[in-house]
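I'd like to ask you about the structure that follows.
The first chain written gets the first letter, and so on, giving A, B, C and D; residue counts start at 1 in each chain.
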Amino acid sequence: MAMATSERLRTHLCGIDMASPVLTASGTFGFGEEFADFVDLSALGGVVVKGTTLKPRRGNDGVRMTETPGGMLNCIGLENPGVDYFLGDILPRISKYGMNVIVNISGSTTEEYGELANMLDVDGVAAIELNVSCPNVKDGGIIFGTDAKSAAAVVRSAKAHTTKPVILKLSPNVTDIVSIAKAAEEAGADALSLINTLMGMAIDIRTWRPVLGNVTGGLSGPCVKPVALRMVWQVANAVSIPVIGMGGIETAEDAVEFFLAGASAVSIGTANFRDPSVTMKIISGLDEYLKARGLSSIHDIIGKLKVGE
Amino acid sequence: MVLPENEKTRFAIDTEIVDNKKILPDVFRIRVHAPEIAMIARPGQFIHVRIDSALTILRRPLGVADVDAKEGTVTMFYRLIGKGTHALALMKKGDTVNCLGPLGNGFTLGDGKSLIIGGGMGLAPLLFLSKALAKRGEKADLLLGGRNSDEIFWQKYFEPFVEHIHITTDDGSMGQKGFTTDALPDMLNKTHYDTIYVCGPDIMMRKIYEIAKEKGVPCQVSLERRMACGMGACLSCVVDTNDGKRKKVCTDGPVFWAQEVL
Amino acid sequence: MAMATSERLRTHLCGIDMASPVLTASGTFGFGEEFADFVDLSALGGVVVKGTTLKPRRGNDGVRMTETPGGMLNCIGLENPGVDYFLGDILPRISKYGMNVIVNISGSTTEEYGELANMLDVDGVAAIELNVSCPNVKDGGIIFGTDAKSAAAVVRSAKAHTTKPVILKLSPNVTDIVSIAKAAEEAGADALSLINTLMGMAIDIRTWRPVLGNVTGGLSGPCVKPVALRMVWQVANAVSIPVIGMGGIETAEDAVEFFLAGASAVSIGTANFRDPSVTMKIISGLDEYLKARGLSSIHDIIGKLKVGE
Amino acid sequence: MVLPENEKTRFAIDTEIVDNKKILPDVFRIRVHAPEIAMIARPGQFIHVRIDSALTILRRPLGVADVDAKEGTVTMFYRLIGKGTHALALMKKGDTVNCLGPLGNGFTLGDGKSLIIGGGMGLAPLLFLSKALAKRGEKADLLLGGRNSDEIFWQKYFEPFVEHIHITTDDGSMGQKGFTTDALPDMLNKTHYDTIYVCGPDIMMRKIYEIAKEKGVPCQVSLERRMACGMGACLSCVVDTNDGKRKKVCTDGPVFWAQEVL
C-alpha cells in the first residue's frame, strides 16, 4: 500500500527527514518488515526497532503477555539477536524499505550504551534511542531511567561515541519525570521519547500465581494514554529538544492530543496489534485534521494547547 | 519499497459472518466470508480475529478448520473461554469481524500414510489438514481423544476425509477408555505411518512424541501460545527450541517438528 | 438490602471490627448515606468519607470529570464542607447506619494533619486516613506523598494527636513506593492504603484546551488495576502493617487478586458509579470464592501469592 | 440500619427496551420497561443509563420525557453525541439496559399559568412537565426554539398537553425567525405567566432568565453537568450558586430557581 505523502506532515526531527511525524514504538513493530503487507514503511517517520543489546538475549521465561482492561502487560524482557546480528543480517535486509531505522538499545552499564552507540554509528541507522526504562529485566536500564544523574551519564556516554542523533526514552515510573528530562537535555540528548510502559501486575486467582513469567510486566495501550499525555505535556514544557510522544495512541485524534501537548512526533505501539495498518490511518487522519482547519503543517498544532484565561 | 497487492501473503479484512453455530454448549463453529484468505490459507495456519464487541484490546487466534475457495469462506471452531470467545458467540450472521490472516507456517504435508492425533479444540486445524491429505491422494487415519462422549463431535466432520477413526475417552463413554496415548502404541504396531500430526494439550503432544520417537515416526506438533501481534513482531509467543534458542510460535510455527520443540 | 454477614469475611483491621474486608474509597461514596438505597452500609468494612480539610473548600472550577479508555479522570479538588461541619452535622446524621466511618483528611502543613487528627478523635470515627496524595490541589498534600521524609512527618503529627488508628494513603505517582511505605510504618502508621489516582490529562482537540478545569486530573477505574496490584504487592511484601488495596476493583475476582497480593482489605471507588450496589456483589462473590475452595476465612488467601519454583 | 424496600426512592434495574426509534437522523426516542421507576418519577428527574455495549465506564444521564405508570414504561429522548449514545442507538427492542433512577429533584409545580421554554434536547424533560401541569388543571404554553424546521419535531408530542405552541427557528424556516429570547418579551407582554420553566443551552437559559426577571416572572431552569455517580457522592457536577457556594446538579438539581444559579 503506497501512501501519498503530504507536505503538511513532512517534518524534521533532530536532523532526520521524516515523511510524517508518525513512528512505531520499539518492541511492537519488529524490524518493520513484519508489517510490510499492511504498511508503506517509507510513509512512517521511522521505525524504532526492538531493544538491542551487545550480546543476544533470550528474554524472560513463561507467559510473556496478558490482556488487561484497556491495555496489556508484557514482560518480553529484551529478547533480541544482539547488535552484531542486527548489523550483519537485519539492517542490510530491511534497508530496501526506505524507512528511517531508529535503533532502541539497552545496556547493563553506562559504558555499554557507549559501545552500542559506537557500533551503530553506521549508514542505514537514522538515530539511536536509549532504553533506560525497561521494567522487565533487572539489568535492562530501569535503574538509569529512574535517576536523573544516571540518565544523564548514559546520554553522555552514547553521545561521546556516535555521530547519530541520540534519543532518550523516559520511564513513567518516576516521581519527577521533568527533572530526568532536563538532565538528559543538559547531557546533550537530541530528543526525548516517552512514555515507556507503566510497571504492573496480574494474578491468576485459580492458581494463586502471577500470570506473567516475570511476575511484573509493562502496561501499555489506551489505558495509559492519560498518564502519557500528562507526562508529554510536562516534559515538552520543560525542555527545548523535541519530544516523541507515545502511550495508548490508537487514532489520529489521540495523536492530535499529543501534538497539542507539545510532542513533535508520535510513536504507535500496542495499537499495531489490533490493526496492523493503524499507522496509515493515523497518518491520513492527521492530514485530514489539518486540512479541515486550513492548516498547512503539523507544526501549526505542536504545543498549541491553550491553558488558562 | 511498497509491496504490490499480489505479493501479499496476509490480509486484515472486515469479514461478514456467514454462520455462527453452537455445536456443543461451549463450542461454536463460525464461518466468515474472507475470499482473500480462503484463497491462500494452508492447513495449520490460523486467523487472528478481532472481536470489537468484546472489550478487548488484542485479537484472538483461531485455527483454520476449513476453507471454501469458491465461496470465499473460512471456517473456524472455538471453545468459550473468556470474554473474547463469549462475545464472539453472541455475534450473528451478517455481523462483521475483522480477520487477520492467514498467519503461521502450516503443516508440512508429507507423502505416504499419515496419522492425525487431536484432543479438544486441537482437532480444528487437523480437520483442514485431513482434507488436504485426502486431496493429495492418501487419506489419513484419525485418533481423537476427549474426556467423555459429550465432547466428541468431530467424527462427522472428519469422516469424508479420513480412513479409520479411533476414539478414546477418559471415562470410556465412547470408544476406547483412556487417553490417545494409551491407544497409540497399538496403532503404531499395527500400521506403518510415515508422519504423525498432533494438536492438543502440551502434555498430550509431549507423550505422543515420546511414543512416536521410539517407533521412529516423524511427528509434527501445533503449539499454542498467547499472541499479541501474530506476525512475529512482539515476541509474546516464543517457544524454547532444543538447540537452546527460541522461536516464534506465530511465524516460525505454530507447527514444528516435534524434535525441535518438545 | 440487608446482607447476611459471613464469618468467613469478618475481620479486624488495626483494631477495627469489620463485617467484611470491603471498604469504599474516599471521594467516590460521599458519606455513605447517598448509597443507602443500594447498599447495606453495615455490611461494609467501612466507608472512607470524602477528603476533609480544616476549612471548607470549594474545589476546582470548570469541568471536573471526563471518561478515558477503561477509566476516568477527576479533578474535584477536595471540595468539602470542612471538619467542623462534618463533626457537627454529618457525623451525627450518618451514625444511624452502623458503619465504620473512616475520615480521609488533607492538610497544607504537617501541623494541620495533627490538628485535624485531634479534632476527629471522637466517638463515631473509626479511623483516620491521611490523604497525602491528592494530585488535584496544589496544597493538598501531594508533596507529602511523594517524599518519604515528609510522609513520615505527617504520620507522626497525626499519631501524636489522636488515639484513632492512622492510615496513610499512598500516591502511585512515585519512583519508589516501598521506601515511602516503610518510612510511614516506622513513623507509626497503623495501616497503609493504596493507590490514590495516577496523574493524567485529556485534551479537547476541537478547542485545543484541556478537558479538565484543573488541566490535569487523577486517573482511576479498571485501567489502573495492574499498576495498583503491583504496588500493593510490593508494599505488602515490605511492611508488616496491614495494607488496604484499591485501584480499579470491579468484581470479587479483582478483589481476590489484591488479597493474594497481600492486601488485608480492599476499597472500591470508581466501580460504585457503574453499579451502586457493586460492593454487595463483591462481598457475596468473595464469600463464594472462599466457600468453593473450602476456606474458612479471608485470611486464608491474604498474601498467599506463590512466586517462584 | 438497612432501608426497607418501600422506603427506597431510587432503583438500579436491568430494563428491557420496549422500543428505540430514530426520530431525526441524530435523535432517538427510547422506551424501557422500568415499573419501579415509572411509578415514582417526577418531571425534571433523570435516569442514569448504563450502556454495556459501549466501551464506557460511566453511565449517561437522560431526562425522563414521559412515564406510563400502568405499563411501567419510561420514555427518554437522546441525541447522538459520542460513544455512549451511539451504542445506545444500536440497541434493539428486547435488549437490556441498566437504569438508575429516578434521580434529581424535579421541577416545583406551581399554580396558575405556566410558560415552558425549551431548546434542543432540553425539550425532553419539559414534555413530562407539560403533562403533569395539564393534569393539575391548567395547560401551559410552550415556546420552543431550534436552528431550523428539520430540528423541530416536538409539537406532536406536546400538543395534547399544552395550550399554545410558539415556535422560533434561527433561519425562519418554521415559526418566528430568531431565538426564543426574541419571542419571549412579546409573549410576556401579552400573557401573564406565574412561572417559567426552561431547559436548553446555558446561554439561552441565562437570557431567558434576564427577561423574566425584568418582568418579575419566577423562573426554574434545568442544568446539565457531567455526572459520574448521579447520586450526590462524587461532586463531579457542581454549579456555583449566587451566595458563593456550590450545589450538586445531580441531587440539589438538575432543576434550580434561576436566581440561585444564573
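The rule is simple: a residue touches a chain if its C-beta (ideal position, glycine included) is under 8 Å from a C-beta of that chain, and two chains touch if they have at least 3 such contacts.
Quantities reported herein were computed from a predicted structural model and do not represent experimental measurements.
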Residual chain groupings, excluding subunit A and keeping positions: B | C, D
| item | value |
| --- | --- |
| Label of the chain whose CA centroid is most distant from the centroid of subunit C | B |
| Subunit B and subunit D, separation of their C-alpha mean positions in angstrom | 56 |
| Chain centre separation (subunit B, subunit C; CA means) in Å | 47 |
| Intercentroid distance (Cα basis), subunit B paired with subunit A, Å | 35 |
| Of all residues in subunit B, the ones touching two or more other chains | 55 |
| Sequence positions of subunit C contacting 2 or more other chains | 68-71, 221-222 |
| Graph class of chain-chain contacts, one of line, ring, star, complete, other | line |
| Pairs of chains found to touch, sorted by chain label | A-B, A-C, C-D |
| Residues of subunit D that touch subunit C when the two form their complex | 1-3, 8-12, 50, 55-59, 98, 100, 226-238, 245-246, 251 |
| Subunit B partner contacts - residues on subunit A that touch it in the complex | 1-2, 27-30, 34-38, 40-42, 50, 58-59, 63-72, 74, 76, 79, 96-98, 221-222, 270, 272-277 |
| Interface residues, subunit C side, partner subunit A - complex | 68-71, 73, 146, 173-176, 198-203, 205, 207-210, 215-217, 219, 221-227, 229-230, 233, 248, 253, 256-257, 260-261, 289, 301, 304-307 |
